[in-house]
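Two complexes follow with chain A in common, the first pairing it with chain B and the second with chain C.
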Partner chain A sequence: MSGWLTALAAIVLREAARFIHQRGRFLAALVRPLVWLVVFAAGFRAALGLSIIPPYQTYITYEVYILPGLCGMILLFNGMQSSLSLVYDQEMGSMRLLLTSPLPRWWLLLSKLLAGVAVAVLQVYVFLAIAAFMDITLPLAGYVLVLPALVLGGLMLGALGLLISSTITQLENFAGVMNFVIFPMFFLSTALYPLWKMAESSELLRDICAVNPFTHVVELIRFALYGQIAPWSLLWVLLGLAVFFVAALWGYDPARGMMGRKARRG
Partner chain B sequence: MSALTVTELSYRYGATHALSDVSFSLPEGQFCALLGPNGAGKSTLFALLTRLFVAPRGRIEIAGHDMSRHPRRALARMGVVFQQPTLDLEMTVAGNMRYFAALHGMSGRQAQGRIDAALDRLGMAERANEKARNLNGGHRRRMEIARALIHEPAVLLLDEPTVGLDTAARRAITAHVHGLAAEGLTVFWATHLVDEIASGDEVVILHRGRIMAQDRAAVLADGGDLTEVFMNMTAPLAVPG
Partner chain C sequence: MILKASLPALLFALGTGAAQANKVFVTNEKGNTVTVLDSESWEVTAEFEAGNRPRGITISPDGKLLYVAASDDDTVRVFDTESYEELYTLPSGPDPEQFALHPTGNPLYIANEDDNLVTVTDTESRTIKAEIPVGVEPEGMGINPEATFMVNTSETTNMAHFIDTSDYKIKHNILVDQRPRYAQFTADGKTLYVSSEIGGTVSVIDMTGPEPVTRTKIGFEVSGVLPEWLQPVGVKVTSDGKWVFVALGPANRVAVIDAQSDEVVDYILVGQRVWQMAFTPDEKYLVTTNGNSNDVTVIDVHKQKAIRSVQVGQQPWGVVVQPDMAQ
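Up next is the complex of A and B:
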């Protein structure tokens, strides 16, 4: 068992070192949500009236509302980023190095997933610290209580990224993922507007938002920040994690031939 | 017991047969070359040997462990140098080695001892703290070979390891690996270059997914030139019409 943990630690440390090394990526990962917080929220707070909805107990500013959504955005981008780096690893061969390890493949992929989540959660905390500095604060306990929600949400989105990486055969296809996964997932969720606001414009939109797994990542984070559990969202996130991870394992299963089909094209 | 035995292995991509009924066995402690022109099926064979994917039919045994029944035991006994470089260029030589050791569940003093020994064996000990990016192509390859030996495998697989190297580096790497075989390591070296094969080496010739011949290089050459024999054996067939 200690051999398993040795491998996990090495994979996590490598991911962290890689991330710190790419200063541009670190900066971009922080600037993106901050731009939303400063520019977008400032423009929208005048246009959008928010009523009191759980978990909030008073009127809140729009900045406070979108804070959990932007935490989710960091997790989402990181999940897709690690998916991109997995596809890159496949083209570069370092994925093959990983897969010839004598440890079980599911453990190696789970380690990869945990490594991505560790880096993502770190970014969320830096983002929350900057937000606090801008006077957008949360209950103190919320900063601790949100950790499990961030880890679960990050795992689910990371597993989705892993699944996508098992199906993409070429790096160039990745732009498509941006358009067809990240943007719809983000915009058709409760990250920017609550569900009832969506319902005002279209019932269909609301229903799409309600089944979007990203919505439940955001809600899980939102409630956790105020010391509450959103049971329905928790269930959705766990279900999404299980489905995406099992499907990703299936994609990486040597007997299924997904890798074989890729190799043929390569 | 052979370090590597392949029995009736077949694989196809859709309707295209990449490997047809491939069987061979490597003699232990020998340099064995897998010789074949481009497109012969060498890469497919390597992908199956390293379990990137598995064949529906046929058997692969590494040091007596069946790859389909005990994949983890088989992988643990195998060292691989891939055709594509797989170094993390931002890490030091030692860092890359430690990462690999960890993937095999080794850490601490045990890993360090093995890493030092492997680097020493390839004459790379004094480069341990250099960044991989600062090494030239030949040294990067040498480092990958050293890395593949950390877990003391029973067989070392190399997939066209001299691709992209200059003549001097190519000779040096080829000589080094022949040296490892002379020390008793079983080596399986894929190539399409006849000049990388010594007369005492075992040679498996693969063409269009089939084994054409297996014997000592000197026996195959039969007093003549191995290149000629290889060219004749793999000459494109005249296509009617």
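Up next is the complex of A and C:
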């Protein structure tokens, strides 16, 4: 058992070290949601009339509405970022070193996921602290209760990143991931507009948003921030986590997965 | 999971456990009803018919009688706060809208918008004691804590009239900004706040000298909201005189004013077309009526934050909270 924990600690510390050494990355990760919060939300302050929808009990400003979506954005970018780092590891060869460990592969990949989530959750809390400083506050209990939602959502998006990384052979392809994964996932979700607002423009758009797993990460966070559980979103996120993680394991299995194909191609 | 579900409930219980539940009465101008809410659960507990176009609402000092100005019935309807039965009506003169009750519970001072009068109605003998001619379109009614003066604002004359309650003579007039709507004294009677709907200001009037003097006028500004939407209507002051809350109508905001500096410190987002407001007796909460979104918003007075909004009848106009009743 201690060997397992050693592996987990090593992977988390490596991720943490990587994170600490990349101060620019930390700043960029924070600036991105803050720009949305300050510039985008301020512009829409009065333009967007929000009717009262659960979990909110009264009228809210747009900044309050998009806060959970921006927390989700941090998790999403981190999930993709760690997939990027895996591609980097593949190219540099440290991946091979990691995977030659006698421990089961799923544990190593899960450790990798947990390491990524730890970094992401830290960023979310710093972001929430800055938001609170800007007078966008939440119920006090919400800051604690959101933690399990952040971890679950982070794991799910990390698993998705893992799955994507198993199909990418070169670092340069990350731009493609940005265009075809991050942006559609973010914009076609409830991060920026509630579902009823989407339905006003198109039913199809609403349906796409409703099945987007990122929507459910955002809603899980949104409800948790107000001390409530969104059962449907919870189910969806757990399902997404299971599917993406199993698929990623398959992808990283040298006997069957895409790694093998990559090796053959390379 | 258990922690998730129970912690907020526990925190909620801790936060509100000490307060006594009071009945909150809301007049629904279009729905022709009064909605009753519970000030602890904030659930609607009842709704009853209240005549045509109920607007102004107040309650007797003992909390037993509810006075509702049924504007289109040209009368004030009196309801029992327990059974919600209509007990009798009071003569009010035509189109009563706002009124002020003498601190002892008698008489009732009623503004008659169409006749440029203030009607004084004896709530016990149920007769009109006096009719006082005032400016054009009288609207707001306020009374100072000592009950020596009542204040009436006239919408077209743009004046606050100070009427002596002993001889019903106008003793002073003060010019305020366009379309004055509401007059509210501080608990110590030293300051009077008058809101001007079109002028977009609240006049702060000093009452300590021999004559009332306008000390300053407070303007409002909300980024992203057109200036003409900033229409101050209802005004409430905490009993310590430190905080003034002003309902800003179609701006959907309640302004919070620091009474020491006469400066707006915050704008609280509430429902649409916020009109009148009332404190709970412990002043923990302020309830606002939101005419266009058909709901009331509950503001945590200490935190200066809206905590929830509750659907009531059609076009809520006025609100009053029952005082703490003897157990």
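Keep in mind that, in the parts below, the second predicted complex is superposed on the first by the 262 of 266 C-alpha atoms of A that agree within 3 Å, B and C clash if a C-alpha of one lies under 4 Å from a C-alpha of the other, contacts with A are read in each partner's own complex, and residues count from 1 in each chain.
As a working rule, contacts are C-beta pairs under 8 Å (C-beta built on N, C-alpha and C of every residue); 3 or more make two chains touch, one makes a residue touch a chain.
For clarity, every value in this text was computed on a predicted model and none was experimentally measured.
Between chain B and chain C, B touches the greater number of residues of chain A.
Once the two complexes are overlaid on the shared chain, A:Ala17 sits against chain B while remaining clear of chain C.
Look at A:Asn179: by the touch rule set out above, it reaches neither chain B nor chain C.
Legend: residue contacts after superposition of the two complexes on their common chain; A:Ser94 is shown touching chain B, with no touch to chain C. In the superposition on chain A, contact of A:Thr58 is made with chain C only, not with chain B. In the superposition on the C-alpha atoms of chain A, no part of chain A is touched by chain B in one complex and by chain C in the other. Against chain C, the residues of chain A that register as touching in their complex are 42, 45-47, 52, 57-61, 139-141, 144-145, 148, 224, 226-229.
Residues of chain B that touch chain A in their complex: 11, 13, 43-44, 47, 50-54, 72-73, 75-76, 78, 80, 82-86, 88, 90-91, 98-100, 102-107.
Across the interface of their complex, chain B is touched by residues 2-4, 6-7, 9-11, 14, 17-18, 21, 92-94, 96-104, 108, 254-255, 257, 259-261, 263-264 of chain A. Only residues 1, 4-5, 7-8, 11, 222-225, 252, 269-271, 295, 297-298, 306-309 of chain C touch chain A when the two sit together in their complex.
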